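In the two assemblies presented below, chain A is common to both, partnered first by chain B and then by chain C.
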Partner chain A sequence: MELVQYFLIKDENKLPVRRADIVKNVLKEYKNVFQEIMKRTSHTFEKVYGFKVVEIDAKNHIYILINQLKPAEGAPERISNPNTGLLLVILSVVFMKGGVVREASVWNTLKMMQVDPRENHRVFGDVKKLVTDDFVRQRYLEYTKIPHTEPLEHEFRWGQRAEVEVSKLDMLEFLGQLHGKDPQHWSQQYKEATNQASPGSSQPGSSQPGSSQPGSSQPGSSQR
Partner chain B sequence: MEDCHRRFLQNMMLRGIVNQQEAKALQQHCCEVHKQKYEADKLEEFIEVINSQLVSMYMKIRSGASEDDATQYYALVNTANTEITRMSPDYTASELELFKRTLDLIMHSDSGTASSTDILNSANSLQTRKLAKSAAEGMLHRLVKDGWMVEKRGEYSLSTRCIIDMEPYIRTTYEEEQLKLCSVCHGLAFKCQTCSNPLCTVKVHHPCAERFFRRMPVRKCPGCSEPWPHDIPEGRPSGSKQRQR
Partner chain C sequence: MKRTGNRNSDQDALQQNGTSDGSGGHEADADAWHVDSQSVSHRKLLRARYRELISTVQQNREEMLSPCDNKLTEVLDKANMLFKEVHEARETVLDSQLLVVASGLGKEKANRMVSQGLSFDLSTFAQHALSFMGLNRLADEGSDAEDGAATNGFLPQDAWHRLASRAESCFQSTPSFHSMYGLFQSEPPPLKPRIERQRKVPTVEAKRIMPTELKKMEESNQEATEKEVERILGYLRQYHRQDPTTPISYYEFILNPDSFSRTVENIFHTSFLIRDGLARMYLDDDMLPCIGPVEEDGAQPAEATTRKQCVISINQKSWRELRDAFDITQPMIHPPNGPDE
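Then we have the complex of A and B:
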């Protein structure tokens, strides 16, 4: 059961769990039974906590916890994290532009919302670090260099965690409401959304928000 | 164990501690979301279902009463170790030692509190690495922010959550003579009234005193029968249980 505790601690900060770390820190001499212990751990999470252990990177064996229970309206106390809103705005920009955008698009969108990555923000703090470092380490975003660019530019994509945690369909429905259009209006995105393997919930970080964690049950505000 | 229980548990993991009213509202919400029958007076059984699954995880939803007003609270606690290292991912070894010293100060005090001056003085004589004054102050600030301690006018005391969580640790770590127990509810007594008889060791929580002495025309100490000198707080017709698990 130590593995359960290990996962919970890592998940508090939304950090992914590597198989190598599990073997080194938790299993130690039991590394031969990794499969068996993972199976039991997954079972425990589903049965007791309502979480699911998902392998987001099959090559490097990296795991995260996602919430099986959907966020419910009318919860007695809503613990919301403003970072969720910011993250969802960025994810929607990337999604609507076909899955990859040059970083300038994201920075411009944020500037329209009075969030300047060059400045320290009252709520988000160091925005550039949050977006290009924290969100990337948590696997919500991918931030990769574009080769042969001078000065060096990067592009954003959805991270592996976003793929399993955030429902594209819910995102399209929200955008549809915002723009007064039917989600199917964006046929390309709609097709992609319906093909997405069903995510745990439409709420990033709903497994266990920690200090820098998304936790609201509403896609964030996107002022357009 | 059903989804309604899992949802309750997830919520408890986020919030750490809830009072009785919040716990009932949460139970109702969880039952409604998952279309389970909500039984208003079955909160304890509901929680017991969850606890039975948490046993092997070394976690438990334990209840306890606030020393200020006898409200019943429920906290998600770690039962894995009785060492103070249970808080350790967030606090360094020297910070934990300072916390232990603070706990010592509180246990020895009559008021159930430790002054910031005394705590900061302890920071100078730690066996692990010494903590600078600013680091010690920062740690105290974090303890309050994380909900382990309460600060009022420079005096620090243990939060309800801390008492519920640390009760087993405190009972095993301190000698019986050092443990102050309330004579009415037999729980750990930090903020309490003491009998003025120097030979009598009776202590009573403020809300316990209110309940115990409420109907007595002449208030006498339950231990030595000397007159009870303290003011009794205003009565509150709450039916909250005082029993601590």
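Then we have the complex of A and C:
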């Protein structure tokens, strides 16, 4: 069906799909039956491709595709996209630092890994654009201004797609592997990771970036 | 008491056109005036203090964010004190400004405080990630570079790919779908690729048929031309051998009294000979063009590097005139017997 193809093509660049665009470009005269068509499209995706259509923004009606299937055991190695590695680093930094970080923390970490936003990178090219523009448009990251800062600074958060596509638990496991520690070592994050709505559930409201999360077990001292 | 006092001061105020420098404070209620005049400069002072507090928060932001710093509390205490004396709108505005700035800072402090407890060090993380990616740490070269990032080692080409493969298991992203024929920006994207695919097939086939046909034709053409050229060269040499001393008149050579088109062909073929350096043209004493074969090697090649060009044209009228002028009855180049083009 056309909508299936439309989704697949938009997905190639990992750009989210808006309902308004769907109606305008694909459905046209059929816009009254949007719900029905959407239902059938989702069904096709699930049965044929093993994908899931997820609404990551309930207010603006924005959708993405995610994969329900894990790669099979012994499947041939796919050529991986290095951007995934970069993204993982940034998402880790944000997650482990409570869900929001000032951009300086991200840039500093990347610089330690020989990725400098001021320079053109051998693999990533224009790093600053990739991180603050491309990843944001793909909804992997959020990059927002901090008011009253001079000079202007921004902060990073997990984007709506990341909330749905990335498993915090898997990430913690990876970090544990890197550091030679048990994932439960980071109790705060571990708790949050286990509470995360299972990736792929279409509940946009539940996945709030973790900034306000760690309210559960606040260390008792309060200086304010 | 108070009421009359106030009425008096109002009257005085009216009399003095509302000036508030308090100079004429005679029978007026001294208190009312005093408060008034005090507040002007007093208000200025208040505002100045507020601004001071605001700039304190803004300028010392980094410092005040540190969890061991209590300046923010001090600022707020001072603000509370100031607020007791605030009566007018202007000061209230400043007070709210200060609160906005201070609360922003406060929120951030709270965030940071939470993060402190999460014990995740970024540089340690970076180092571990680098190791995972296969960093080859340089043996200490005695350089203590300020910018540790640049000199801390050598990452292999596929460093980021390695990280990405491991990372992918954390993502539930769909594999990228690449259309083989690329994307088109205009209207329904799903339709265009279909159309393109259909069209592509016939053209590819058609092209395949063409080359084989063309090849055949071209060969026949080329062969014919070459053969002709060689044949004419043969004639040229033959005539020259017969009488080496007499130059061969060009027009006599190429002209065919029976056929204009053959004449033109002869001109065409002889031009190849000249181009290839096998024949040469020159003007004789009567300024008539002559043609002769070129002797092998020797000085000839050296001369040939300077290219000279000459264009010869002929039409039917001149052909007839030439024929009559030179009185040519027999062609020097016999027409070929080959297949008609």
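As a convention for this text, the second predicted complex is superposed on the first by the 195 of 224 C-alpha atoms of A that agree within 3 Å, B and C clash if a C-alpha of one lies under 4 Å from a C-alpha of the other, contacts with A are read in each partner's own complex, and residues count from 1 in each chain.
Convention: contacts are C-beta pairs under 8 Å (C-beta built on N, C-alpha and C of every residue); 3 or more make two chains touch, one makes a residue touch a chain.
These figures come from a predicted structure and were not determined experimentally.
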Which of chain B and chain C A:Lys128 touches, first, second, both or neither: neither
Partner chain(s) touched by A:Gln114 [first = chain B, second = chain C, both, neither]: second
Which of chain B and chain C A:Asn83 touches, first, second, both or neither: second
Partner chain in contact with A:Ile9 - chain B first, chain C second, else both or neither: both
Which superposed partner A:Val26 touches (first chain B, second chain C, both, neither): second
Touched partner set for A:Thr44, first chain B, second chain C, both or neither: first
Of chain B and chain C, the chain that contacts the larger number of chain A residues: C
Partner chain in contact with A:Asn67 - chain B first, chain C second, else both or neither: both
Partner chain(s) touched by A:Arg139 [first = chain B, second = chain C, both, neither]: neither
Overlapping contact positions on chain A, where the chain C interface meets the chain B interface: 5, 8-9, 49, 67-68, 77, 79
Of all residues in chain A, those that touch chain C in their complex: 2, 5-6, 8-9, 11-12, 14, 25-26, 49, 51, 65-68, 70-71, 77-89, 92-93, 96-98, 100, 105, 108-109, 111-114, 116, 123-124, 147-148, 150, 164-167, 170-171, 174-175, 178-179, 186, 188-189, 199-200, 211, 214, 218-219, 223-224
Complex interface listing, chain A residues touching chain B: 1, 4-5, 8-9, 44, 47-50, 67-69, 72, 74-77, 79, 207-209, 215
Chain C - residues contacting chain A, complex: 58, 67, 70, 72-73, 100-101, 104, 106, 109-111, 113-115, 117-120, 122-130, 132-133, 148-150, 152, 155, 160-179, 183, 187-191
Complex interface listing, chain B residues touching chain A: 1, 3, 6-7, 9-11, 13-15, 22, 25-26, 29, 33, 53-54, 56-58, 80, 89
